[in-house]
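Two complexes are shown next, each including chain A; its partner changes from chain B in the first to chain C in the second.
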Partner chain A sequence: MEQNTEQSLLEWRVDYDGGNILKETTRWARFVSIVSFIGLGICIIVFLVFLAAGDAIWGYYTRLFPALEAFRAAFILLCLIFLGVFTWVVVLLYRFATLTRKGIDTQDQNLFNQGLRAGKTYFLLSAILAIIGLLFSLRNLF
Partner chain B sequence: MEQNTQAPLFELQVDHQSSSYLADTARWAKFIAIVGFVLCGLILLVAIFAGSMLASFSRFGGGGVDGVAAAGLGGFVTVVYILIGLLYFFPCLYLFNFATKMQVALRNNDQEQLGQSFRNLKACYRFIGVLLIIYLGFIALALIFGVIGAAFH
Partner chain C sequence: MEEQNQLDNFFNISLDSEARTHLKQMTQWARICAIVAFIGYAVSLAVAIFGTRQISDAESSGFSFGIYLRTGSIIGVLITITVGGILNYFLYRFSVDAAKGLESMDTVKLNEGLGGLRTYFKIVGILTIIILGFVALAIIFVMLSAGFSSR
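What follows is the complex of A and B.
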(Lines of atoms letter the chains of each structure in order from A and count residues from 1; the text may use other names and numbers.)
(Lines give C-alpha, C1' and ligand atoms only; values in the text may rest on other atoms or scores of the structure.)
Protein backbone atom coordinates (compact mmCIF):
# COMPACT_ATOMS: atom_id res chain seq x y z
CA MET A 1 0.00 0.00 0.00
CA GLU A 2 2.77 2.37 0.93
CA GLN A 3 4.95 1.54 -2.01
CA ASN A 4 5.60 4.58 -4.15
CA THR A 5 6.57 4.58 -7.80
CA GLU A 6 10.22 5.07 -6.90
CA GLN A 7 10.27 1.83 -4.97
CA SER A 8 8.68 -0.04 -7.83
CA LEU A 9 11.35 1.36 -10.13
CA LEU A 10 14.05 0.23 -7.73
CA GLU A 11 12.85 -3.33 -8.08
CA TRP A 12 13.18 -3.11 -11.82
CA ARG A 13 16.49 -4.55 -12.99
CA VAL A 14 18.50 -4.63 -16.17
CA ASP A 15 18.17 -8.35 -16.86
CA TYR A 16 20.75 -10.66 -18.43
CA ASP A 17 19.54 -10.16 -22.03
CA GLY A 18 19.11 -6.41 -21.62
CA GLY A 19 22.60 -6.13 -20.11
CA ASN A 20 24.18 -8.11 -22.92
CA ILE A 21 22.39 -6.07 -25.60
CA LEU A 22 23.49 -2.88 -23.87
CA LYS A 23 27.07 -4.16 -23.80
CA GLU A 24 26.97 -4.78 -27.55
CA THR A 25 25.45 -1.31 -28.02
CA THR A 26 28.33 0.26 -26.11
CA ARG A 27 30.85 -1.69 -28.22
CA TRP A 28 29.45 -0.19 -31.43
CA ALA A 29 29.04 3.24 -29.85
CA ARG A 30 32.71 3.11 -28.79
CA PHE A 31 33.76 2.17 -32.32
CA VAL A 32 31.72 5.06 -33.78
CA SER A 33 33.25 7.47 -31.26
CA ILE A 34 36.83 6.31 -32.00
CA VAL A 35 36.29 6.74 -35.76
CA SER A 36 34.79 10.16 -35.02
CA PHE A 37 37.92 11.05 -33.01
CA ILE A 38 40.02 10.14 -36.07
CA GLY A 39 37.76 12.30 -38.28
CA LEU A 40 38.07 15.10 -35.76
CA GLY A 41 41.87 14.79 -35.84
CA ILE A 42 41.82 15.09 -39.64
CA CYS A 43 39.57 18.19 -39.38
CA ILE A 44 42.00 19.77 -36.88
CA ILE A 45 44.99 19.06 -39.18
CA VAL A 46 43.13 20.63 -42.14
CA PHE A 47 42.24 23.63 -39.97
CA LEU A 48 45.85 24.06 -38.85
CA VAL A 49 47.08 23.81 -42.46
CA PHE A 50 44.50 26.43 -43.40
CA LEU A 51 45.73 28.70 -40.60
CA ALA A 52 49.37 28.20 -41.64
CA ALA A 53 48.68 28.83 -45.32
CA GLY A 54 45.84 31.24 -44.59
CA ASP A 55 47.56 34.35 -45.89
CA ALA A 56 48.22 32.76 -49.26
CA ILE A 57 44.59 31.60 -49.59
CA TRP A 58 42.89 34.69 -48.15
CA GLY A 59 45.32 37.14 -49.74
CA TYR A 60 44.09 36.18 -53.21
CA TYR A 61 40.41 36.58 -52.33
CA THR A 62 40.77 39.74 -50.23
CA ARG A 63 42.50 41.45 -53.14
CA LEU A 64 39.39 40.73 -55.21
CA PHE A 65 36.88 41.41 -52.40
CA PRO A 66 38.37 43.59 -49.61
CA ALA A 67 35.20 43.10 -47.52
CA LEU A 68 36.18 39.45 -47.03
CA GLU A 69 38.96 40.46 -44.62
CA ALA A 70 36.35 41.03 -41.90
CA PHE A 71 34.82 37.62 -42.65
CA ARG A 72 38.12 35.83 -42.03
CA ALA A 73 37.97 36.19 -38.24
CA ALA A 74 34.33 35.10 -38.21
CA PHE A 75 35.17 32.06 -40.34
CA ILE A 76 38.00 31.02 -37.99
CA LEU A 77 35.72 31.55 -34.99
CA LEU A 78 32.98 29.42 -36.63
CA CYS A 79 35.51 26.65 -37.32
CA LEU A 80 36.70 26.73 -33.70
CA ILE A 81 33.11 26.59 -32.39
CA PHE A 82 32.32 23.69 -34.72
CA LEU A 83 35.44 21.78 -33.66
CA GLY A 84 34.75 22.46 -29.97
CA VAL A 85 31.11 21.32 -30.12
CA PHE A 86 31.95 18.28 -32.26
CA THR A 87 34.71 17.28 -29.81
CA TRP A 88 32.30 17.61 -26.90
CA VAL A 89 29.69 15.44 -28.66
CA VAL A 90 32.24 12.72 -29.47
CA VAL A 91 33.67 12.78 -25.92
CA LEU A 92 30.13 12.33 -24.56
CA LEU A 93 29.50 9.37 -26.86
CA TYR A 94 32.80 7.84 -25.77
CA ARG A 95 31.96 8.41 -22.10
CA PHE A 96 28.50 6.87 -22.59
CA ALA A 97 30.08 3.80 -24.21
CA THR A 98 32.93 3.28 -21.76
CA LEU A 99 31.17 4.15 -18.49
CA THR A 100 28.03 2.13 -19.27
CA ARG A 101 30.17 -0.83 -20.32
CA LYS A 102 32.30 -0.55 -17.19
CA GLY A 103 29.18 -0.19 -15.07
CA ILE A 104 27.74 -3.42 -16.51
CA ASP A 105 31.04 -5.30 -16.23
CA THR A 106 31.65 -4.31 -12.61
CA GLN A 107 27.94 -4.12 -11.69
CA ASP A 108 28.59 -0.59 -10.45
CA GLN A 109 25.31 1.34 -10.33
CA ASN A 110 27.10 4.69 -10.05
CA LEU A 111 29.22 4.14 -13.17
CA PHE A 112 26.16 2.81 -15.00
CA ASN A 113 24.20 5.96 -14.14
CA GLN A 114 27.12 8.21 -15.14
CA GLY A 115 27.21 6.47 -18.52
CA LEU A 116 23.48 6.97 -19.03
CA ARG A 117 23.87 10.63 -18.03
CA ALA A 118 26.59 11.10 -20.66
CA GLY A 119 24.28 9.41 -23.16
CA LYS A 120 21.46 11.79 -22.29
CA THR A 121 23.69 14.86 -22.78
CA TYR A 122 25.01 13.38 -26.01
CA PHE A 123 21.47 13.03 -27.39
CA LEU A 124 20.56 16.53 -26.21
CA LEU A 125 23.54 18.08 -28.03
CA SER A 126 22.89 15.93 -31.10
CA ALA A 127 19.29 17.15 -31.15
CA ILE A 128 20.44 20.78 -31.13
CA LEU A 129 22.91 20.04 -33.95
CA ALA A 130 20.18 18.17 -35.87
CA ILE A 131 17.79 21.13 -35.75
CA ILE A 132 20.59 23.49 -36.87
CA GLY A 133 21.37 21.08 -39.72
CA LEU A 134 17.70 20.94 -40.72
CA LEU A 135 17.43 24.75 -40.74
CA PHE A 136 20.54 25.05 -42.91
CA SER A 137 19.19 22.39 -45.30
CA LEU A 138 15.86 24.21 -45.60
CA ARG A 139 17.65 27.53 -46.18
CA ASN A 140 19.77 26.00 -48.96
CA LEU A 141 16.79 24.27 -50.55
CA PHE A 142 14.52 27.32 -50.81
CA MET B 1 17.94 -22.84 -4.49
CA GLU B 2 15.96 -22.02 -7.58
CA GLN B 3 17.96 -18.94 -8.46
CA ASN B 4 19.65 -19.31 -11.81
CA THR B 5 23.29 -18.46 -12.41
CA GLN B 6 22.39 -15.42 -14.50
CA ALA B 7 20.69 -13.53 -11.70
CA PRO B 8 23.79 -12.42 -9.73
CA LEU B 9 25.52 -11.32 -12.94
CA PHE B 10 23.10 -8.46 -13.46
CA GLU B 11 22.25 -6.61 -10.32
CA LEU B 12 21.99 -3.22 -12.00
CA GLN B 13 18.75 -1.46 -11.26
CA VAL B 14 16.74 0.97 -13.30
CA ASP B 15 16.50 3.31 -10.33
CA HIS B 16 14.92 6.74 -10.21
CA GLN B 17 18.06 8.47 -11.51
CA SER B 18 18.75 6.12 -14.40
CA SER B 19 15.09 6.04 -15.42
CA SER B 20 15.12 9.85 -15.51
CA TYR B 21 18.22 9.79 -17.74
CA LEU B 22 16.68 7.15 -19.97
CA ALA B 23 13.44 9.15 -20.26
CA ASP B 24 15.34 12.28 -21.31
CA THR B 25 17.47 10.24 -23.71
CA ALA B 26 14.33 8.76 -25.28
CA ARG B 27 12.73 12.20 -25.65
CA TRP B 28 15.76 13.68 -27.43
CA ALA B 29 16.32 10.54 -29.49
CA LYS B 30 12.72 10.77 -30.72
CA PHE B 31 13.27 14.40 -31.64
CA ILE B 32 16.48 13.54 -33.55
CA ALA B 33 14.68 10.70 -35.35
CA ILE B 34 11.81 12.97 -36.42
CA VAL B 35 14.27 15.62 -37.67
CA GLY B 36 16.04 12.79 -39.50
CA PHE B 37 12.78 11.68 -41.15
CA VAL B 38 12.16 15.26 -42.32
CA LEU B 39 15.71 15.41 -43.75
CA CYS B 40 15.10 12.06 -45.50
CA GLY B 41 11.96 13.56 -47.04
CA LEU B 42 13.96 16.58 -48.24
CA ILE B 43 16.65 14.32 -49.73
CA LEU B 44 13.97 12.32 -51.58
CA LEU B 45 12.39 15.57 -52.78
CA VAL B 46 15.74 16.65 -54.23
CA ALA B 47 16.13 13.17 -55.76
CA ILE B 48 12.74 13.39 -57.47
CA PHE B 49 13.28 16.88 -58.86
CA ALA B 50 17.00 16.47 -59.72
CA GLY B 51 16.20 15.12 -63.20
CA SER B 52 13.80 17.92 -64.12
CA MET B 53 16.14 20.58 -62.65
CA LEU B 54 19.05 19.36 -64.76
CA ALA B 55 16.78 19.08 -67.82
CA SER B 56 15.65 22.69 -67.44
CA PHE B 57 19.29 23.69 -66.90
CA SER B 58 20.23 22.15 -70.25
CA ARG B 59 17.15 23.69 -71.96
CA PHE B 60 18.45 27.14 -71.09
CA GLY B 61 21.83 26.20 -72.51
CA GLY B 62 23.68 26.11 -69.18
CA GLY B 63 27.24 24.91 -69.62
CA GLY B 64 26.61 23.43 -73.06
CA VAL B 65 25.12 20.25 -71.64
CA ASP B 66 22.94 18.45 -74.20
CA GLY B 67 19.56 16.88 -73.36
CA VAL B 68 20.70 13.25 -73.28
CA ALA B 69 23.68 14.02 -71.03
CA ALA B 70 21.47 16.08 -68.71
CA ALA B 71 18.91 13.26 -68.52
CA GLY B 72 21.68 10.76 -67.75
CA LEU B 73 23.20 13.02 -65.13
CA GLY B 74 19.75 13.66 -63.66
CA GLY B 75 19.08 9.93 -63.41
CA PHE B 76 22.44 9.39 -61.76
CA VAL B 77 21.84 12.18 -59.24
CA THR B 78 18.35 10.78 -58.52
CA VAL B 79 19.73 7.29 -57.83
CA VAL B 80 22.54 8.64 -55.62
CA TYR B 81 20.17 10.83 -53.60
CA ILE B 82 17.64 7.98 -53.17
CA LEU B 83 20.49 5.79 -51.92
CA ILE B 84 21.62 8.47 -49.47
CA GLY B 85 18.02 8.94 -48.32
CA LEU B 86 17.62 5.19 -47.74
CA LEU B 87 20.92 4.93 -45.87
CA TYR B 88 19.88 7.83 -43.66
CA PHE B 89 16.36 6.46 -43.12
CA PHE B 90 17.31 3.22 -41.34
CA PRO B 91 19.33 4.67 -38.41
CA CYS B 92 16.51 7.18 -37.90
CA LEU B 93 13.97 4.34 -37.84
CA TYR B 94 16.03 2.37 -35.30
CA LEU B 95 16.43 5.49 -33.19
CA PHE B 96 12.69 6.19 -33.35
CA ASN B 97 11.92 2.59 -32.32
CA PHE B 98 14.44 2.86 -29.47
CA ALA B 99 12.79 6.05 -28.23
CA THR B 100 9.16 4.89 -28.45
CA LYS B 101 9.88 1.49 -26.87
CA MET B 102 11.92 3.09 -24.11
CA GLN B 103 9.07 5.49 -23.32
CA VAL B 104 6.61 2.56 -23.18
CA ALA B 105 9.04 0.55 -21.04
CA LEU B 106 9.49 3.38 -18.54
CA ARG B 107 5.76 4.10 -18.42
CA ASN B 108 4.77 0.48 -17.76
CA ASN B 109 7.96 -0.89 -16.15
CA ASP B 110 8.02 -3.35 -19.04
CA GLN B 111 11.16 -5.49 -19.11
CA GLU B 112 10.42 -6.84 -22.59
CA GLN B 113 10.07 -3.35 -24.08
CA LEU B 114 13.29 -2.27 -22.35
CA GLY B 115 15.16 -5.11 -24.05
CA GLN B 116 13.56 -4.29 -27.41
CA SER B 117 14.50 -0.65 -26.94
CA PHE B 118 18.17 -1.43 -26.26
CA ARG B 119 18.12 -3.84 -29.22
CA ASN B 120 17.06 -0.97 -31.51
CA LEU B 121 19.76 1.33 -30.12
CA LYS B 122 22.30 -1.42 -30.78
CA ALA B 123 20.96 -1.81 -34.35
CA CYS B 124 21.29 1.95 -34.86
CA TYR B 125 24.92 2.09 -33.75
CA ARG B 126 25.76 -1.14 -35.60
CA PHE B 127 24.30 0.34 -38.81
CA ILE B 128 26.34 3.53 -38.39
CA GLY B 129 29.42 1.49 -37.48
CA VAL B 130 29.13 -0.74 -40.56
CA LEU B 131 28.61 2.34 -42.76
CA LEU B 132 31.75 3.87 -41.26
CA ILE B 133 33.72 0.66 -41.93
CA ILE B 134 32.56 0.69 -45.58
CA TYR B 135 33.40 4.40 -45.84
CA LEU B 136 36.88 3.84 -44.37
CA GLY B 137 37.34 0.93 -46.78
CA PHE B 138 36.54 3.19 -49.74
CA ILE B 139 38.99 5.81 -48.45
CA ALA B 140 41.70 3.14 -48.04
CA LEU B 141 41.01 1.86 -51.59
CA ALA B 142 41.14 5.40 -52.98
CA LEU B 143 44.47 5.96 -51.22
CA ILE B 144 45.90 2.67 -52.54
CA PHE B 145 44.76 3.39 -56.11
CA GLY B 146 46.03 6.96 -55.77
CA VAL B 147 49.47 5.78 -54.70
CA ILE B 148 49.55 3.12 -57.45
CA GLY B 149 48.42 5.71 -60.02
CA ALA B 150 51.07 8.17 -58.86
CA ALA B 151 53.76 5.45 -59.01
CA PHE B 152 52.90 4.53 -62.62
CA HIS B 153 52.39 8.10 -63.79
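What follows is the complex of A and C.
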Protein backbone atom coordinates (compact mmCIF):
# COMPACT_ATOMS: atom_id res chain seq x y z
CA MET A 1 0.00 0.00 0.00
CA GLU A 2 2.75 2.37 1.07
CA GLN A 3 4.77 1.32 -1.94
CA ASN A 4 1.80 2.12 -4.18
CA THR A 5 1.53 5.59 -2.69
CA GLU A 6 5.27 6.08 -3.14
CA GLN A 7 5.01 4.86 -6.71
CA SER A 8 2.07 7.19 -7.53
CA LEU A 9 3.89 10.08 -5.87
CA LEU A 10 6.86 9.44 -8.14
CA GLU A 11 4.63 9.35 -11.19
CA TRP A 12 2.49 12.38 -10.39
CA ARG A 13 2.81 14.45 -13.53
CA VAL A 14 1.80 17.95 -14.55
CA ASP A 15 -1.38 17.53 -16.63
CA TYR A 16 -2.44 19.59 -19.66
CA ASP A 17 -4.45 22.14 -17.65
CA GLY A 18 -1.76 22.51 -15.00
CA GLY A 19 0.90 22.99 -17.66
CA ASN A 20 -1.14 25.64 -19.43
CA ILE A 21 -1.88 27.48 -16.19
CA LEU A 22 1.81 27.40 -15.22
CA LYS A 23 2.83 28.69 -18.66
CA GLU A 24 0.41 31.60 -18.42
CA THR A 25 1.55 32.32 -14.85
CA THR A 26 5.19 32.44 -15.92
CA ARG A 27 4.31 34.70 -18.90
CA TRP A 28 2.77 37.32 -16.57
CA ALA A 29 5.51 36.88 -13.96
CA ARG A 30 8.13 37.48 -16.69
CA PHE A 31 6.32 40.62 -17.84
CA VAL A 32 6.19 41.94 -14.26
CA SER A 33 9.87 41.17 -13.71
CA ILE A 34 10.95 42.88 -16.97
CA VAL A 35 8.95 46.02 -16.12
CA SER A 36 10.44 45.89 -12.62
CA PHE A 37 13.93 45.77 -14.16
CA ILE A 38 13.05 48.96 -16.09
CA GLY A 39 11.78 50.55 -12.86
CA LEU A 40 14.96 49.47 -11.12
CA GLY A 41 17.03 51.06 -13.91
CA ILE A 42 15.13 54.35 -13.46
CA CYS A 43 15.72 54.18 -9.67
CA ILE A 44 19.46 53.59 -10.22
CA ILE A 45 19.66 56.55 -12.67
CA VAL A 46 17.85 58.81 -10.17
CA PHE A 47 20.18 57.61 -7.41
CA LEU A 48 23.28 58.26 -9.56
CA VAL A 49 22.00 61.75 -10.47
CA PHE A 50 21.40 62.35 -6.79
CA LEU A 51 24.98 61.29 -5.97
CA ALA A 52 26.44 63.35 -8.84
CA ALA A 53 24.43 66.47 -8.08
CA GLY A 54 25.07 65.73 -4.39
CA ASP A 55 25.40 68.97 -2.52
CA ALA A 56 22.98 71.02 -4.63
CA ILE A 57 20.05 68.58 -4.25
CA TRP A 58 20.88 67.71 -0.65
CA GLY A 59 21.20 71.39 0.20
CA TYR A 60 17.72 72.05 -1.16
CA TYR A 61 16.16 69.30 0.95
CA THR A 62 18.11 70.15 4.12
CA ARG A 63 16.80 73.72 3.84
CA LEU A 64 13.27 72.24 3.85
CA PHE A 65 13.98 69.59 6.50
CA PRO A 66 17.08 70.58 8.54
CA ALA A 67 17.00 67.26 10.46
CA LEU A 68 18.03 65.46 7.25
CA GLU A 69 21.60 66.84 7.41
CA ALA A 70 22.62 64.39 10.13
CA PHE A 71 21.30 61.40 8.18
CA ARG A 72 22.99 61.86 4.81
CA ALA A 73 25.27 58.79 5.02
CA ALA A 74 22.50 56.66 6.52
CA PHE A 75 20.13 57.77 3.76
CA ILE A 76 22.61 56.76 1.02
CA LEU A 77 23.22 53.41 2.76
CA LEU A 78 19.45 52.80 3.03
CA CYS A 79 19.03 53.58 -0.69
CA LEU A 80 21.78 51.08 -1.55
CA ILE A 81 20.22 48.37 0.65
CA PHE A 82 16.81 49.04 -0.90
CA LEU A 83 18.22 48.83 -4.43
CA GLY A 84 20.12 45.61 -3.59
CA VAL A 85 17.12 43.85 -2.06
CA PHE A 86 14.79 45.04 -4.83
CA THR A 87 17.23 43.74 -7.47
CA TRP A 88 17.44 40.38 -5.72
CA VAL A 89 13.63 40.05 -5.56
CA VAL A 90 13.23 40.93 -9.25
CA VAL A 91 16.01 38.52 -10.31
CA LEU A 92 14.28 35.73 -8.36
CA LEU A 93 10.94 36.48 -10.04
CA TYR A 94 12.62 36.51 -13.46
CA ARG A 95 14.35 33.20 -12.72
CA PHE A 96 11.07 31.65 -11.56
CA ALA A 97 9.35 32.79 -14.75
CA THR A 98 12.05 31.81 -17.26
CA LEU A 99 13.31 28.56 -15.72
CA THR A 100 9.86 27.11 -15.03
CA ARG A 101 8.74 27.99 -18.57
CA LYS A 102 11.92 26.60 -20.11
CA GLY A 103 11.59 23.46 -17.99
CA ILE A 104 8.10 22.81 -19.35
CA ASP A 105 9.03 23.67 -22.93
CA THR A 106 12.17 21.52 -23.03
CA GLN A 107 10.83 18.78 -20.75
CA ASP A 108 13.74 19.40 -18.42
CA GLN A 109 12.82 18.38 -14.89
CA ASN A 110 15.95 20.00 -13.42
CA LEU A 111 15.15 23.44 -14.93
CA PHE A 112 11.53 23.10 -13.81
CA ASN A 113 12.66 22.41 -10.23
CA GLN A 114 15.15 25.29 -10.31
CA GLY A 115 12.34 27.61 -11.40
CA LEU A 116 10.12 26.46 -8.53
CA ARG A 117 13.03 26.94 -6.11
CA ALA A 118 13.45 30.55 -7.32
CA GLY A 119 9.68 31.04 -6.88
CA LYS A 120 9.89 29.72 -3.32
CA THR A 121 12.77 32.10 -2.47
CA TYR A 122 10.88 34.97 -4.12
CA PHE A 123 7.88 34.43 -1.83
CA LEU A 124 10.16 33.92 1.20
CA LEU A 125 11.84 37.27 0.59
CA SER A 126 8.48 38.94 -0.13
CA ALA A 127 7.12 37.61 3.17
CA ILE A 128 10.13 38.97 5.10
CA LEU A 129 9.72 42.38 3.41
CA ALA A 130 5.97 42.31 4.13
CA ILE A 131 6.66 41.64 7.83
CA ILE A 132 9.18 44.54 7.95
CA GLY A 133 6.58 46.76 6.25
CA LEU A 134 3.96 45.71 8.80
CA LEU A 135 6.30 46.61 11.67
CA PHE A 136 6.77 50.10 10.19
CA SER A 137 2.97 50.46 9.85
CA LEU A 138 2.52 49.44 13.50
CA ARG A 139 5.08 52.11 14.45
CA ASN A 140 2.81 54.75 12.89
CA LEU A 141 -0.16 53.60 14.96
CA PHE A 142 1.33 54.86 18.23
CA MET B 1 1.27 18.24 -34.46
CA GLU B 2 2.79 21.07 -32.43
CA GLU B 3 -0.12 20.90 -30.01
CA GLN B 4 0.45 17.17 -29.63
CA ASN B 5 4.12 17.89 -28.85
CA GLN B 6 3.08 20.43 -26.22
CA LEU B 7 0.74 17.87 -24.72
CA ASP B 8 3.61 15.40 -24.55
CA ASN B 9 5.84 18.07 -22.98
CA PHE B 10 3.45 18.54 -20.07
CA PHE B 11 3.22 14.83 -19.41
CA ASN B 12 7.01 14.51 -19.21
CA ILE B 13 7.31 17.01 -16.37
CA SER B 14 6.60 15.33 -13.08
CA LEU B 15 5.93 16.69 -9.63
CA ASP B 16 8.80 14.77 -8.02
CA SER B 17 9.70 15.10 -4.35
CA GLU B 18 11.92 18.16 -4.98
CA ALA B 19 9.24 19.97 -7.01
CA ARG B 20 6.62 19.13 -4.39
CA THR B 21 8.86 20.41 -1.57
CA HIS B 22 9.48 23.70 -3.40
CA LEU B 23 5.80 24.12 -4.24
CA LYS B 24 4.79 23.30 -0.66
CA GLN B 25 7.21 25.90 0.76
CA MET B 26 6.09 28.38 -1.89
CA THR B 27 2.49 28.01 -0.68
CA GLN B 28 3.56 28.44 2.96
CA TRP B 29 5.45 31.67 2.29
CA ALA B 30 2.71 32.93 -0.03
CA ARG B 31 0.19 32.37 2.79
CA ILE B 32 2.36 34.36 5.19
CA CYS B 33 2.64 37.15 2.57
CA ALA B 34 -1.14 37.29 2.12
CA ILE B 35 -1.94 37.19 5.85
CA VAL B 36 0.66 39.86 6.67
CA ALA B 37 -0.77 41.99 3.85
CA PHE B 38 -4.31 41.66 5.26
CA ILE B 39 -3.08 42.62 8.76
CA GLY B 40 -1.14 45.51 7.18
CA TYR B 41 -4.31 46.82 5.49
CA ALA B 42 -6.19 46.73 8.81
CA VAL B 43 -3.32 48.60 10.50
CA SER B 44 -3.18 51.16 7.66
CA LEU B 45 -6.90 51.80 8.00
CA ALA B 46 -6.53 52.19 11.77
CA VAL B 47 -3.59 54.58 11.26
CA ALA B 48 -5.58 56.61 8.72
CA ILE B 49 -8.62 56.89 11.02
CA PHE B 50 -7.09 57.08 14.50
CA GLY B 51 -3.44 57.88 13.83
CA THR B 52 -2.37 61.29 15.07
CA ARG B 53 1.34 61.23 14.31
CA GLN B 54 1.30 62.46 10.68
CA ILE B 55 -1.45 65.01 11.30
CA SER B 56 0.30 66.45 14.35
CA ASP B 57 3.64 66.44 12.47
CA ALA B 58 2.01 68.45 9.66
CA GLU B 59 0.28 70.84 12.04
CA SER B 60 3.44 71.39 14.09
CA SER B 61 5.15 72.39 10.82
CA GLY B 62 2.63 75.20 10.47
CA PHE B 63 0.07 73.52 8.20
CA SER B 64 -3.56 73.64 9.31
CA PHE B 65 -5.18 71.26 6.86
CA GLY B 66 -5.34 68.27 9.21
CA ILE B 67 -8.92 67.37 8.30
CA TYR B 68 -8.16 67.33 4.56
CA LEU B 69 -5.02 65.29 5.18
CA ARG B 70 -7.01 62.75 7.19
CA THR B 71 -9.84 62.48 4.62
CA GLY B 72 -7.36 62.12 1.77
CA SER B 73 -5.45 59.55 3.72
CA ILE B 74 -8.60 57.49 4.44
CA ILE B 75 -9.65 57.56 0.76
CA GLY B 76 -6.15 56.52 -0.32
CA VAL B 77 -6.09 53.66 2.17
CA LEU B 78 -9.57 52.47 1.09
CA ILE B 79 -8.44 52.32 -2.56
CA THR B 80 -5.27 50.48 -1.54
CA ILE B 81 -7.25 48.03 0.60
CA THR B 82 -9.69 47.27 -2.24
CA VAL B 83 -7.00 46.62 -4.85
CA GLY B 84 -4.60 44.93 -2.44
CA GLY B 85 -7.41 42.89 -0.88
CA ILE B 86 -8.42 41.44 -4.26
CA LEU B 87 -4.77 40.80 -5.15
CA ASN B 88 -3.94 39.05 -1.90
CA TYR B 89 -7.19 37.07 -1.92
CA PHE B 90 -5.92 35.27 -5.03
CA LEU B 91 -2.50 34.75 -3.43
CA TYR B 92 -4.24 33.28 -0.40
CA ARG B 93 -6.37 31.04 -2.63
CA PHE B 94 -3.18 29.78 -4.29
CA SER B 95 -1.59 29.02 -0.93
CA VAL B 96 -4.62 27.16 0.45
CA ASP B 97 -5.76 25.26 -2.66
CA ALA B 98 -2.30 24.27 -3.91
CA ALA B 99 -1.27 23.10 -0.42
CA LYS B 100 -4.46 21.01 -0.18
CA GLY B 101 -3.86 19.62 -3.67
CA LEU B 102 -0.27 18.69 -2.80
CA GLU B 103 -1.30 17.02 0.45
CA SER B 104 -4.07 14.94 -1.08
CA MET B 105 -2.38 14.51 -4.48
CA ASP B 106 -5.46 16.08 -6.03
CA THR B 107 -4.52 17.46 -9.45
CA VAL B 108 -7.77 19.42 -9.82
CA LYS B 109 -7.24 21.18 -6.48
CA LEU B 110 -3.59 21.87 -7.33
CA ASN B 111 -4.63 23.37 -10.67
CA GLU B 112 -7.21 25.55 -8.89
CA GLY B 113 -4.40 26.79 -6.65
CA LEU B 114 -2.10 27.47 -9.59
CA GLY B 115 -5.02 29.33 -11.21
CA GLY B 116 -5.03 31.63 -8.18
CA LEU B 117 -1.32 32.30 -8.67
CA ARG B 118 -1.93 33.01 -12.37
CA THR B 119 -4.66 35.54 -11.52
CA TYR B 120 -2.40 37.12 -8.89
CA PHE B 121 0.40 37.72 -11.40
CA LYS B 122 -2.13 38.84 -14.03
CA ILE B 123 -3.48 41.54 -11.67
CA VAL B 124 0.08 42.59 -10.73
CA GLY B 125 0.87 42.80 -14.47
CA ILE B 126 -2.20 44.94 -15.20
CA LEU B 127 -1.41 47.23 -12.24
CA THR B 128 2.15 47.53 -13.55
CA ILE B 129 0.81 48.60 -16.97
CA ILE B 130 -1.41 51.24 -15.30
CA ILE B 131 1.51 52.54 -13.20
CA LEU B 132 3.71 52.64 -16.33
CA GLY B 133 1.01 54.71 -18.04
CA PHE B 134 0.99 57.19 -15.16
CA VAL B 135 4.81 57.39 -15.18
CA ALA B 136 4.79 58.02 -18.95
CA LEU B 137 2.17 60.76 -18.50
CA ALA B 138 4.23 62.32 -15.69
CA ILE B 139 7.37 62.30 -17.85
CA ILE B 140 5.47 63.91 -20.77
CA PHE B 141 4.00 66.50 -18.39
CA VAL B 142 7.42 67.36 -16.92
CA MET B 143 8.98 67.62 -20.41
CA LEU B 144 6.14 69.84 -21.68
CA SER B 145 6.26 72.11 -18.64
CA ALA B 146 10.06 72.35 -18.97
CA GLY B 147 9.60 73.25 -22.64
CA PHE B 148 7.03 75.97 -21.83
CA SER B 149 9.09 77.43 -18.99
CA SER B 150 12.19 77.73 -21.22
CA ARG B 151 10.34 79.97 -23.71
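To be clear about the criterion, the second predicted complex is superposed on the first by the 122 of 142 C-alpha atoms of A that agree within 3 Å, B and C clash if a C-alpha of one lies under 4 Å from a C-alpha of the other, contacts with A are read in each partner's own complex, and residues count from 1 in each chain.
Here, a residue touches a chain if its C-beta (ideal position, glycine included) is under 8 Å from a C-beta of that chain, and two chains touch if they have at least 3 such contacts.
In this text the structure is predicted, and so the values were computed from the model without any measurement.
Under the clash rule set out above, the superposition-derived model of chain A with chain B and chain C contains a clash between the two partners. Of the two partner chains placed by superposition, A:57 touches none, neither chain B nor chain C. When the two complexes are overlaid on their common chain A, residue A:138 makes contact with chain B and with chain C alike. In the superposition on chain A, A:105 contacts chain C only, with no contact to chain B. 8-19, 21-22, 24-25, 28-29, 31-32, 35, 103-104, 107, 109, 112-113, 116-117, 119-120, 123-124, 126-127, 130-131, 133-134, 137-138, 141 are the residues of chain A that lie in the contact sets of both chain B and chain C, per the superposition on chain A. Of all residues in chain C, only 6-20, 22-23, 25-26, 29-30, 32-33, 36-37, 39-40, 43-44, 46-47, 50-51, 53-54, 105, 107, 110-111, 114-115, 117-118, 121-122, 124-125, 128-129, 132 touch chain A in the complex they form. By the touch criterion stated above, chain B contacts chain A in their complex at residues 6-7, 9-19, 21-22, 24-25, 28-29, 31-32, 35-36, 38-39, 42, 45-46, 109, 111, 114-115, 118-119, 121-122, 125-126, 128-129, 132, 136. Within the complex, the chain A residues that touch chain C are 8-22, 24-25, 28-29, 31-32, 35-36, 103-107, 109, 112-113, 116-117, 119-120, 123-124, 126-127, 130-131, 133-134, 137-138, 140-142.
Remark: chain A residues 6, 8-19, 21-22, 24-25, 28-29, 31-32, 35, 103-104, 107, 109, 112-113, 116-117, 119-120, 123-124, 126-127, 130-131, 133-134, 137-138, 141 touch chain B in the complex.
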